[in-house]
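After this come two complexes, each holding chain A, first together with chain B and then together with chain C.
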Partner chain A sequence: MATTTATLSLSSDMLSSPISISASSTLMKAGVTEGLELIEMGRGTIAETDGSKTAEFGLPTALGADKAAKLFLVNKATDPTYYIDIDLHDTNIGRLYAGDWMFIPWGMNDTASELVIEAEPSGATCPYEFVLLQEPQTLEAHS
Partner chain B sequence: MATLTPTLTLTSTDATTDQLAFSVTDSLTVKAPSQGLSTIIVDTTGANNIIVPANADKQTWVYVRHTGTTDGSTTTTQHCDIELTGDVAIGTLKANEWFWFPHCGNGGSTGVQLQSVSGSIQMEYGYWSDSTAQ
Partner chain C sequence: MATTASISISSDITESVPFSVNASMTMYQAGTTLDLEETTGLAQRTFSGNTTQVTLIDVSATAVTAAAGGHKVYIRNTGTDKTKGFKVFLADATDDIEEIGTLYGQDWMLMPWLATDANEDIMVQPSSSEKMTIEYAVFHQ
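Let's turn to the complex of A and B:
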């Protein structure tokens, strides 16, 4: 069984009593104690002139409902004004500025869960990197 | 101004022959409003469990963790959905899993809410407003 562990550490000086949080979890398939086995990693670049695009990691696969997937995405731009808008299909859910990253559980079930990215503002170009961990897919018959 | 430093470490020694091991960090300048580490007992109606108030244009960093319990002591394996207000699902957390996300209402005036698939779940959460973005 594959065992992949994701750990988040948070620290801050914003309070007189410093924040220090650590959370760790083993990434499992849905409903069973078996680890996620399919790992895709890669990088790409999106420019503002590209408009909104479904990134290579953003197309929902035919996993069906109630399957587990985790997505890590980082904006590798260095200009602090450049950001990547994150949409679930037609709904904007957040944005990553230069150097920012996210780690989310992704319900990649159908078209409505398509993950779309868009570089902003005008003139922006954002390199990005991603890791997608998911359950194995059913192999297709050859054509 | 204060600095919030999130670090992700992703490791596996047996998922693939080539071992997975990387760490990424960020440095965020944050300000009020913020919500320090808190807990909430989540039920099956998302609108009852809004953890980040609706806003149109704030960049807000959100941390959520499933404690694996209903009340801090009783174990549960029920899943918890993470949604934008208005019931737009982003994903589901299983017991002991966590989430780190840059929420932005982006003109839509949305917040973040939690919804148990079944029964009650004690969730841990916090959020911090980004002072440099928007």
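Let's turn to the complex of A and C:
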């Protein structure tokens, strides 16, 4: 079985008792103890002038409903005012400012699961990197 | 008052091509290099006897500056059972609801959160009526 592990270390000294979170998970297919088997990764750049785009990693595949996938995305911009606005279909998740990353489970159920990105503010250009880990897709008959 | 988060992903999906990712970030206020200064702290909720959607993090009940853009949300299914999961959604029960994905046992997520209005409440739905527990924290402006 392929083993993929995602580990988080988070610390904050905002409070008088510091917060320290350590979390680690072996990433499995939905509802079973078999590991994910597919990795898609890459990099891209989006500029504010590009407008709102469905990201190359953001197209729901033929994976189907209730399957497991995880997405890592990082904004590699260095200007702290530049951010990538991220929408899940037509609902805004939030903004990844320069250097920010996110790691989420992703339903990929249908086209309403598409991930849409947009660079902001005016004049911004944001390089980004992504890793999509998922279950194997059903092989298609050849044409 | 720094809040930092590091992720490490390693995989042997492709045995012949070693794969690992490492990234760190400091959580800043939107568009600045000023640290975030507020948090809900680490909280926990346990569900039992229902498999309906419930609001986990209510925008109106969290003292976030709406749409400020620097907020981050951490959520983890603290259970160990990989057959049971929490579906995580954005939005309240009366508006359009978008499913983000499912956190199975031990799975965690860290994402930005715009928190503009109730359309961005974070909801969860346990897959089982058996006892299931989730922990979460919001780091915000």
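The rule we apply is simple: the second predicted complex is superposed on the first by the 143 of 143 C-alpha atoms of A that agree within 3 Å, B and C clash if a C-alpha of one lies under 4 Å from a C-alpha of the other, contacts with A are read in each partner's own complex, and residues count from 1 in each chain.
Operating definition for what follows: a residue touches a chain if its C-beta (ideal position, glycine included) is under 8 Å from a C-beta of that chain, and two chains touch if they have at least 3 such contacts.
Owing to the predicted nature of the structure, the values given are computational and were not obtained by experimental measurement.
Trainee: Return first, second, both or neither, reflecting whether A:I39 touches chain B, chain C, both chains, or no partner chain.
Mentor: Touch partners of A:I39: chain B and chain C.
Trainee: Which of the two partners, first being chain B and second being chain C, lies in contact with A:A141: first, second, both, or neither?
Mentor: Neither partner.
Trainee: Looking at the overlay, what does A:T4 touch: chain B (first), chain C (second), both, or neither?
Mentor: A:T4 contacts both chain B and chain C.
Trainee: Answer with first, second, both or neither: which of chain B and chain C does A:Y97 touch in the superposed model?
Mentor: Once the two structures are laid over each other on A, A:Y97 reaches both partners.
Trainee: List the residues of chain A that touch chain B in one complex and chain C in the other.
Mentor: 2-15, 19, 21, 23, 25-28, 30, 35-37, 39, 68, 72, 74, 80, 83, 86, 88, 91-97, 99-107, 113, 131
Trainee: Which of the residues in chain B come into contact with chain A in the complex?
Mentor: 2-16, 20, 24, 26-28, 30, 34, 36-37, 59, 63, 65, 82, 84, 88-94, 96-104, 106-108, 124, 126, 128, 130, 132-133
Trainee: Considering only the defined contacts, which chain A positions touch chain C in the complex?
Mentor: 2-15, 19, 21, 23-28, 30-33, 35-39, 66, 68-70, 72, 74, 80-81, 83, 86, 88-97, 99-109, 112-113, 131, 133
Trainee: Can you tell me which positions in chain C touch chain A when the two form their complex?
Mentor: Residues of chain C touching chain A: 1-14, 19, 21, 23, 25-28, 30-33, 36-39, 41-42, 69-71, 74, 76, 82-85, 87-88, 90-91, 96, 98-104, 106-116, 119-120, 127, 137, 139.
Trainee: For chain A, which residues are in contact with chain B within the complex?
Mentor: 1-15, 19, 21, 23, 25-28, 30, 35-37, 39, 68, 72, 74, 80, 83, 85-86, 88, 91-97, 99-107, 113, 131
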